[in-house]
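Consider the two complexes below, in which chain A is the common component and chain B and chain C are the respective partners.
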Partner chain A sequence: MGDILYTMLQDAISPLTAAYVIAAIGLNIHFGFTGLLNMGQAGFMLMGAYGFAISTVEGAPLWLAVLIALGAVTVFALLLGVPTLKLRGDYLAIVTISAAEIVRFVGRNSLLTEVTGGSGGIPGNDYRSSFTDLSPFGDGRTQIGPFDYLNSNWWLHLVAWAVVFACLGLVALLVRSPWGRLLRGVREDEDAMRSLGKNVYAVKMQALVLGGLFGAVGGIIYVLPSSVQPDGMGRQLTFFIWTALLLGGAAAIFGPLLGSILFFAARALVQTGADTFVPSSIMSSAQTEQFAWIVVGIALMLLVIFRPQGVIGNKRELRFNA
Partner chain B sequence: MKSPIPSRRANPGARRVRAVGWIHLTGLALLTSVVLGLFALTPASAAPAPAPAAPAAPAPASPTFCFATAETACVGGTLRLSASETVGGVDITITAPDGTEETVTTADTGAFNLPVEEEGDYGVVIDEETLPDGVAPTESELTVPVVLGENAIANFQFEREATGADGFSWDQFAQQAASGIRLGLLLAMASIGLSLIYGTTGLSNLAHAELVTMGGMVAFFFSGAAGLGLPLTLGILLTTLVCAAYGWAQDRVLWQPLRRRGLGIIQMMIVTIGLSLAMQYTFQYFVGAGQVRITTSSPETVDIGPVTLTQFSFVAMGISIVVVAGVGYMLLRTRIGRATRAVADNPSLAAASGIDVDKVIRLVWTLAAGLAGLSGVLYALVTNGVKWDTGLQILLLLFAAVTLGGLGTAFGAVVGSMVIGLVVELTNIWLPGDFKYATALLILILILLVRPQGLLGRAERVG
Partner chain C sequence: MPEQTDLGQEPQSGAEAAASPTGPDRAHVDTAAVEANPLADPTERKRLMGTVDTTPGVAKPDAVLKVDNVRRDFGGITAVNVDHLEVQRGIITALIGPNGAGKTTFFNLITGFDKPSSGRDAKWSFDGRSLGRTNASAVAKAGMVRTFQLTKSLSRMTVMDNMLLGAPQQPGERLALSLLRPLWSKREGEIRGKAEELLARFKLLEKKDDYAGSLSGGQRKLLEMARALMSDPRMIMLDEPMAGVNPALTQSLLGHIQTLRDEGTTVLFVEHDMHMVRHISDWVVVMAEGKVVAEGPADTVMADKAVIDAYLGAHHDTDLGDDALLEDDSVVAELEAEAEAAEAAEKEKEGQR
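Then we have the complex of A and B:
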């Protein structure tokens, strides 16, 4: 039992969870507040991760690398938004789900091995140092509570969660601003907004780009502790972010935070629980992991059917239709 | 703009909602157990062991088997030309940080390993003299950081040196065009169903490609060497039936109750995402992460002019043409086909004129799943086999095809599939590997910019 609790806690505070939260915040701007169906958030994350890692490997300082990542994602979002945002909602879904796969295919292509590392990806040591060098904690290990990590790892934890709360604050301010009301107006009734003289297309585009930028930041945090692995950032990642967002509650500011933590903790509970209590003759350890993902998929279906507003969302905010 | 099917009772009482809820729960459980049970029938010993996710464990047969302990580490890797082709007998020199060199030779599995006891950056150099002709590593020297207690993997990538002159010849064009027609026909079978589902219910089924994967997997269970070993023809037939039954059941326990409940289309799309996720990992759970092949014998090929295709490819193309033509006939000439088109046109009007909309939609789901399953078996047979994520690649092609032809039009889906199949395969002449999928996306975006209703779609305001 202690092991399960430890794994759940460890997963709940890991920088990976923080990366999910940030990406889910972006998706919340897309889906929760504006009603855009972005099915390729992992593509935005991967784009950001590549932009950051490649420019760092080429010698850019940290701030420039982050700027390049954000720039790349902005271009990507514009490219996807121009043909689709004037059309019915599901076209955006189709194009984003495809584009995210294409980013992955192109990134892992052997022709680009010099730049992107091909299917092997870019090892974290190639780009991590510009971030870890900023750490004020020095070398060595520190134990806080039950967790004993390298100091550089604590630095990553700290920064990742600081970014999460900065993003949450920013979104809270944005959605309460006139612009945020515009977003919800577009979600509820496009025609009404048009009749008020608002440029719906421009508002949707702004939302798509902004949410994509959050995705890029999430992508950078996602690859900092490990490496840029194109195959680890495919369609599944998008779906997990969706599950996390809907679990917490779309259109709620703290939905992504709560949802991601619950998502990881619950997944760890299912997996370690199955590992511990189901004999390995019935379920091997590789199978328990897959079992956990099957449960995630079914949970997503049940969630949308029975509690579309998630844990803390407001059902009245989610009555829109494309 | 299609409106969702109106729920029969606009204002159901609370008790009724709860009752439907329980139907859902049991329905979903039933659905899952059907899928699970189907795979559970596979004899445990027959299912190939799930491939390890990380290349951490080297093949035990390798003569240079190496285990990392607290004081040692391993430098190793596997030389692969492609997913299935490994290179043995290649000399690899590993230089330690202190300058000592050690040379190892790869085993037949392409694996090489060297136990080391010192941390630091190791240089790994491949001896190009010992590589097969026409193959060159993209980088002949790699540096791997070694940490004690862990395996350091040196991942070499290879490229084949071009054997032809400048890459383009009409013979190659003909060959690629033939593969394109083959791919187009297989896509057509799957995309008709996708388009019909969209036309009748307004739902973009993001789990449709998983039905294609499922076809390959179920056929592997029926006819594969590790499965029941039934004759192939019987296997294909049974697979189509199983997939069609699955489509029927999916509508019965999932989509019909959701329509009655009045769940929005967007919410339903998210449900298809959950379903796709659950199905992908169900495949992985039972079959593992590796590729499975239904037949292992090397196929016989037929030459027609410059075109070389396997015998089976011609059979598959024949089956596809017959099936697509049959579906076309059904839609145009039969009563139920006309009813289907009426529902696709205007569900409320169709219901008002006495068509049982639910029955039509049930038929569409059954047909769509059966066709997708059949397409999946044939796809697995003409290509290298099927993997749990085969659907990931196909989904993009399917949506590109359906959008190109016009969302909701069955014949548009066929035309779109042929165009996408041809373009994707012809791209291969100029651009290698997975870039061909990027062309499909490019077409998708261009079509949306220029003619969002697709080639055969009716011009209407779609946003």
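Then we have the complex of A and C:
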């Protein structure tokens, strides 16, 4: 039992979870507040990760590498938005899902092995040092509670969650402002907004770029503990982020935070639980992982059917389906 | 016309009722308003519009909206083909015509929600400013705000948020400034006060924190109109403001529209309810098959037998309570057929929802 709890906690506070939270915050701006169907958030993350990793490998300092990553994602979002945001919402979904795949396929193209590392990706050690060098904690290990990590790992945990809370604060300010009201107005009815003299296209573009930028930050944090693996940031990642967002509650500021933590903790619970209690003659450990994902899929379906507002979403806000 | 007496009484304020006890000619006179705006006086409006010819496309003394060569084709069908139309400033103009006459399409065209097929030949100007080839939000910013036949309330937002979205010039709507509350809190306070005022006028104030989706159909109509007024438009275009609104609410909506006119706003509205058209409009434009076929004061246009028969239906003012009619079998059969057709249309409408 202790093992299960330990794994759940470990997953809940890992930087990977933090990366999910940030990417889901971006998706929440797209979908929850503006109603944009972005089915390629992983593409924004991968784009940010590439921008950061490649520029660091080329010698850029940390701040510049982050700026380059954000710049690359801004251009990417504008390219996607210009042709699609004047059309009906479904087209954005189609374009984003394919654009995310394009980024992934271009990244793993063997012709670009020099730059992107091809399908092997970029190993974390090539770009991580500029971040770990900033750590004030020095070398060695520290034990806090049940967790005994390298100091550099604690540094990553600290920064990742600090960024999460900064992003949450930023979004809270944004969506409670008149600009946030514009977003929700666009989500509800674009023609009504036009009849009130609002520039719907510009608002959607701003939302697409801003949500994409959160995706880029999430992508950078996602690859910091491991490596840039294009195949690890495909459609699957997008759908996990969607699950996390819907689980927590779309259009709720803290929905992405709660959803991502629950998502990882529940998955760890199912997997380690199955590992511990189901004899390996029935389910091997490779199978328990698959099993955990199946449970995630079923959970997503049940969620959308029975509790569309998520755990903390506003039920009143989702009741009226015009 | 005896059926107008019930509509002739103003429901809203005591002052109005006192000013006009009876009479088919709505006397919506508010002396304070008349001082500020001469057109708030019905005799003045009558005098002004009496000088205008009743030919389609006639020039108006002070036109706020001028439309030229607006045509819209859908495949082989010409839905709208208006050569010339002017809308007089400061009065209520009704746009009527049978179903499919192109009224809503015409609305969509001049408010930028649709593009004319006549391309560069199509010209229209609002208050001297050309509005051809502009988008819907630019039209609204220019001061011409519309409502929709099927109300577009923002369901999953509160009534108050709906209202606040109607206000123009909000610095907080710029992304860069939205994070800095002190830069927009003053304007926010202003528009909130204004929204409360309007909501109180439209009897929606106690609903301000409810989601718009929880309002009834009629309340949504009121909300949409109130929201359009947040920008102080110089001209408001109402697309069937009375459709689906119960009679009591109709009375208060009529009052609101007249108040608007008395405050100097130009009103153009599409409506099927002939009582209402006769009751509040100062000028009526009749459209049929995409063209403007008649114009004039309500009485003149409605007295035109051809217009009535061709565009309003021969029985539009038949009193269904008149027993004498029951003796004439052909009339009864005809009325029954009409009622059935209307019912079927209603059902179809509901099915689509």
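Just so it is clear, the second predicted complex is superposed on the first by the 316 of 322 C-alpha atoms of A that agree within 3 Å, B and C clash if a C-alpha of one lies under 4 Å from a C-alpha of the other, contacts with A are read in each partner's own complex, and residues count from 1 in each chain.
Here is the rule we use: contacts are C-beta pairs under 8 Å (C-beta built on N, C-alpha and C of every residue); 3 or more make two chains touch, one makes a residue touch a chain.
No experiment lies behind these values; they were computed from the predicted model shown.
Annotation for the three-chain superposition on chain A: chain B and chain C fit side by side. Applying the stated contact rule after C-alpha superposition, one finds that A:Leu174 touches chain C and leaves chain B untouched.
In the superposition on chain A, no contact is made by A:Ile144 with either chain B or chain C.
Of the two partner chains, chain B is the only one touched by A:Lys86; chain C is not. Of the two partner chains placed by superposition, only chain B is touched by A:Ala299; chain C is not. Looking at the superposition, the partner that touches the larger set of chain A residues, chain B or chain C, turns out to be B.
Applying the stated contact rule after C-alpha superposition, one finds that A:Ile94 touches chain B and leaves chain C untouched. Nearest C-alpha atoms belonging to chain B and chain C sit 6 Å apart in the superposition, given in whole angstrom.
Annotation: chain A residues 319-320, 322 touch chain B in one complex and chain C in the other. Per the touch definition, chain A reaches chain C in the complex via residues 170, 173-174, 177-182, 184-185, 187-189, 191-200, 206, 210, 316-320, 322.
In the complex of the two chains, the chain A residues touching chain B come out as 35, 37, 39, 79, 82-84, 86-91, 93-95, 97-99, 101-102, 105-106, 108-111, 113-114, 118-120, 123, 125, 234-236, 239, 242-243, 246, 284, 286-287, 290-291, 293-294, 296-306, 308, 319-322.
For chain B in complex with chain A, the touching residues are 1, 21, 24-25, 28, 32, 50, 52-53, 138-139, 145, 155, 157-159, 204, 206, 258, 261, 263-267, 269-271, 273-282, 284-285, 389, 392-393, 395-396, 399-400, 403, 432-435, 437-438, 440-441, 444-446, 448-449, 452, 462-463.
Residues of chain C that touch chain A in their complex: 111-113, 135-138, 140-141, 145-148, 152-157, 161, 164-166, 168, 170, 172-175, 178-179, 181, 184, 188, 211, 213-214, 227-228, 230-231.
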